[in-house]
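In what comes next, chain A is part of two complexes: it sits with chain B in the first one and with chain C in the second one.
Moving on, here comes the complex of A and B:
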């Protein structure tokens, strides 16, 4: 028993070391990388991946394929920017305000749309997003099509305003990690199980006593609030927003990392984002002067190849590949499933007795 | 009054295109229950094909229509055969959705890479000709296009209603398993259906070139309106799609006339949301 326990403990330690190393790499990147161009790519990776994780909660986990997440992101950006410019509120307060506004819009105005299923839900999400965008274009309060700029000034943490990209890098990194932990928490909670049951069969879920509407609303509100947070981050980073932020192409762009990475996994958007966004940005910087659109063209080709040959995404492939077996046994020294379960059982059992 | 009549005619002429796009989408959605999110991009491909034919062989845009239809049919058939049929077998709605979304990205960005983002037009000897009918003025190309698409719509209706293949398509739409049982090769029908739907989008694109600018994202608004037409007109109904398209065209021009042109998109989308929700409520009530 002791030997088994030791093996399990060693495995957990190894996993911890690997995660720690990955974190350390991300923490020290800005120390060595001074090029604003590279840092900008990382910032893009952070916020697009976060948006993709937000989408994944609704799309990958609950099976409600929204194609209107850019609208939530844009609305969040608008709500926080308007609060800042009109009342001079602190940006961090405005971030929370933006999230609440978008959460309310998603939970209350979008509420009737929850009776729609499958393709109809996708259609209504597109129409809802586009209607929001058209509303903003036509409203002078929202600055119409010309957008809103945030005030410029000295660097300060209080105003979340910097000339350098390094602070944005770290805030983005913290955002990705926090949202990842939140999604992981949701996945393992009662809500996560309910959402996955709804994805598999909504009627069966209802028959089992899961209220599909309630859980779908929870999923869409959380998802929209995270998108609003990303919107706030984007607005503070770019310091200017306009309705172009909410066009449908942006919604699609936010979904692609999740689908390429593996929509069934919480880590999918992160993997997809880390692989696809730097590639796309590299192509854009290198060739867009000669061949505009080449980056999205390649993106589309990768997407089609993944869907055609690896329908469960890169992570779905990895989970059943020899690479994973190799890493698990040789590097992490993962004990067999039986041993893991036995030790876990004895630990939880022991706790109960004590 | 004359402005009103003029707006009606403009709405009618534009609505015809929404109808044609909606019919193509309807055939595809009916048979396979998948939303073709690259339908608008197919229209754009049809426009560029027409432009290429006009540029290289000096063909009249309207003479290009049958050629474009044939090319687009084969394009659609190949896409269905190589990409969509295998994805249909995975039974994953998410994958099918992003497959067509990905195709749309591929086509619009492919056009951007190949042709650049410049706006292109095809000018013919009659593109500046206008016809006066009482208080109403109509551009000749719009009128010809509308006439052609009326013919195409009727032909499609007759084809689906009376031809063997049309009957098979309708059978697969109603019950694919039952269709298999009575000896219909559903995979073949899927290939034909997708080809047909894409060809209709291509025809719409070819007909548009007479008076519309050609650019890589020209199809986006038509693509989404086609979805509205399918939902409003009812699944599998060709006359329904036709009238829904006309209704949509009229709605747009009426809002532009009586409210403000900048609100027409907003009203269209909100109307669509309301129709979707109300329709679903009726479905639930019936159960």
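Moving on, here comes the complex of A and C:
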């Protein structure tokens, strides 16, 4: 027993070391990489992956495919920008304000919609995004089609305003990590189990004592609030927003990292984002000068290949691959599942029934 | 044993548009026992079952749980009242492992698990109890019918019920598997859970139930101990056809 405990502890330590190393790499990247172009790509990876994690809570974990996440993000950006420009509020306060507004709007709008199941929910989410965009284009309070700019000025943490991309890099990194931890926490909680049960079978969920509508609303609200946070981050980074932020293509952009990375996993959007966004930027830089649009074509081809041959995403493949077996046994020295369970759970498997 | 029955059904009727599926059925379930409901196809067993489980409300009539009216309770309010059910057509959480299937249910009910570790420990214990321990890491969709049926029971037990509804839990099992299922149901009952089951398989009903209710064409035609019910002329007529000469 003692030896088993040691093995498990060693394994946890090894995992910790690997995670620590990955974090360290991300922490020192800005020290060595000075190109604003490359840093910009990392910032894109950070906020699009976060948006994709928000989508994944609803699409991957709950099985409710939303195509309206650009609208939540846009609305979050607008709510916080309007508060800043109209009242001079502190941006960090405005971020919380934006999240609350979007959470309320999403909850109220989708409460009646959850009588709808499956594709109908998706259709409502598209309609919601487009209706919101049209409303903003036609409302002078929202600055119509010309958008809203945030005030420029001296670098300041208080105003979340910088000339350099490095502070945005670090804030983005923190945002990714915090939202990842939140999603991981949700996955293991009662809510996470409820959402996955609803995804698999709503009748079975109800028979267990899960109120499907209540949990779906919770998922929409949390997901929309995270999207709103991303909207705030985007607005402070670009310092200008317009209704184009909410076009349908942007919603699709939030789905791709999760689907490519593996929507069944909390880590899926991170893996997908880390691969697909640099790829997309690389293709644009390298090929768009040759023939306009060729980069989009190549991107689409890569996407089709992934979805055709790895429908459960990159992680879906990795989890059952020899690569994982190799890493687990040779590098992390992972003990067998039986040993892990024996150490973790106080349930002895001795009184087995005949 | 309490004097008031754990479930009392009073004159329930269910009409679907023009069709009356269940007509004025009343019965009660004794606390601590195993009560069965039988009847030929289309007799209204599943409709009755679904009404008692809150899947849909009866058109008329009332259902009482320990003297409390629960007629219009929603399906998801049942596990809080310590009532759980299984489904005739199994509804496993296909893409989750057997362990996760049961862990999910331990998070709900009147005494929910506090955290994932607690949930998994409770689930492992139930898997041990139902004989699914060795398959705990198999995805639910990759298991055969007998194991999925057992998983239905394990998952229902995850909510710590005091009353368990089993909807044709032995349909599609071979005689040996049926025998095993009977043993499991008896053990569940012995652990203090009142059981109400619908079943087609006579052998199971006769050997398990102390009390049997027979439905036919949506109406209750007999009730009593298995031997009384099996010798009831109405029941014999329904299952075996009319006796020659008994009818003019």
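Throughout what follows, the second predicted complex is superposed on the first by the 340 of 354 C-alpha atoms of A that agree within 3 Å, B and C clash if a C-alpha of one lies under 4 Å from a C-alpha of the other, contacts with A are read in each partner's own complex, and residues count from 1 in each chain.
Just so we're on the same page, contacts are C-beta pairs under 8 Å (C-beta built on N, C-alpha and C of every residue); 3 or more make two chains touch, one makes a residue touch a chain.
It should be emphasised that the depicted structure is a prediction, and the values quoted were computed from it without experimental measurement.
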item: Touched partner set for A:72, first chain B, second chain C, both or neither; value: neither
item: Partner chain in contact with A:194 - chain B first, chain C second, else both or neither; value: second
item: Partner chain(s) touched by A:160 [first = chain B, second = chain C, both, neither]; value: neither
item: Which of chain B and chain C A:137 touches, first, second, both or neither; value: first
item: Partner chain in contact with A:237 - chain B first, chain C second, else both or neither; value: neither
item: Touched partner set for A:345, first chain B, second chain C, both or neither; value: second
item: Chain B and chain C footprints on chain A, overlapping residues; value: none
item: Parts of chain A lying in touch with chain B, wherever the complex brings them together; value: 59-60, 63, 65, 67, 112-113, 115-116, 118-120, 122-124, 126-128, 130-131, 134-135, 137-138, 248, 252, 255, 259, 263, 291-294, 296-297, 299-301, 303-304, 307-308, 311
item: List of chain B residues in touch with chain A within their complex; value: 29, 33-35, 83, 86-87, 90, 92-95, 97-99, 101-103, 105-106, 108-113, 116-117, 216, 220, 224, 227, 231, 260, 262-263, 265-266, 269-270, 272-273, 276-277, 280-281, 284
item: Residues of chain A defined as touching chain C within the complex; value: 188-190, 193-194, 196-197, 200-201, 203-212, 264, 337, 341, 344-347, 349, 351-353
item: Parts of chain C lying in touch with chain A, wherever the complex brings them together; value: 53, 55, 74-80, 84-85, 87, 91-96, 100, 103-105, 107-109, 112-113, 115-117, 119-121, 124-125, 128-129, 131, 133, 137, 155-156, 158-159
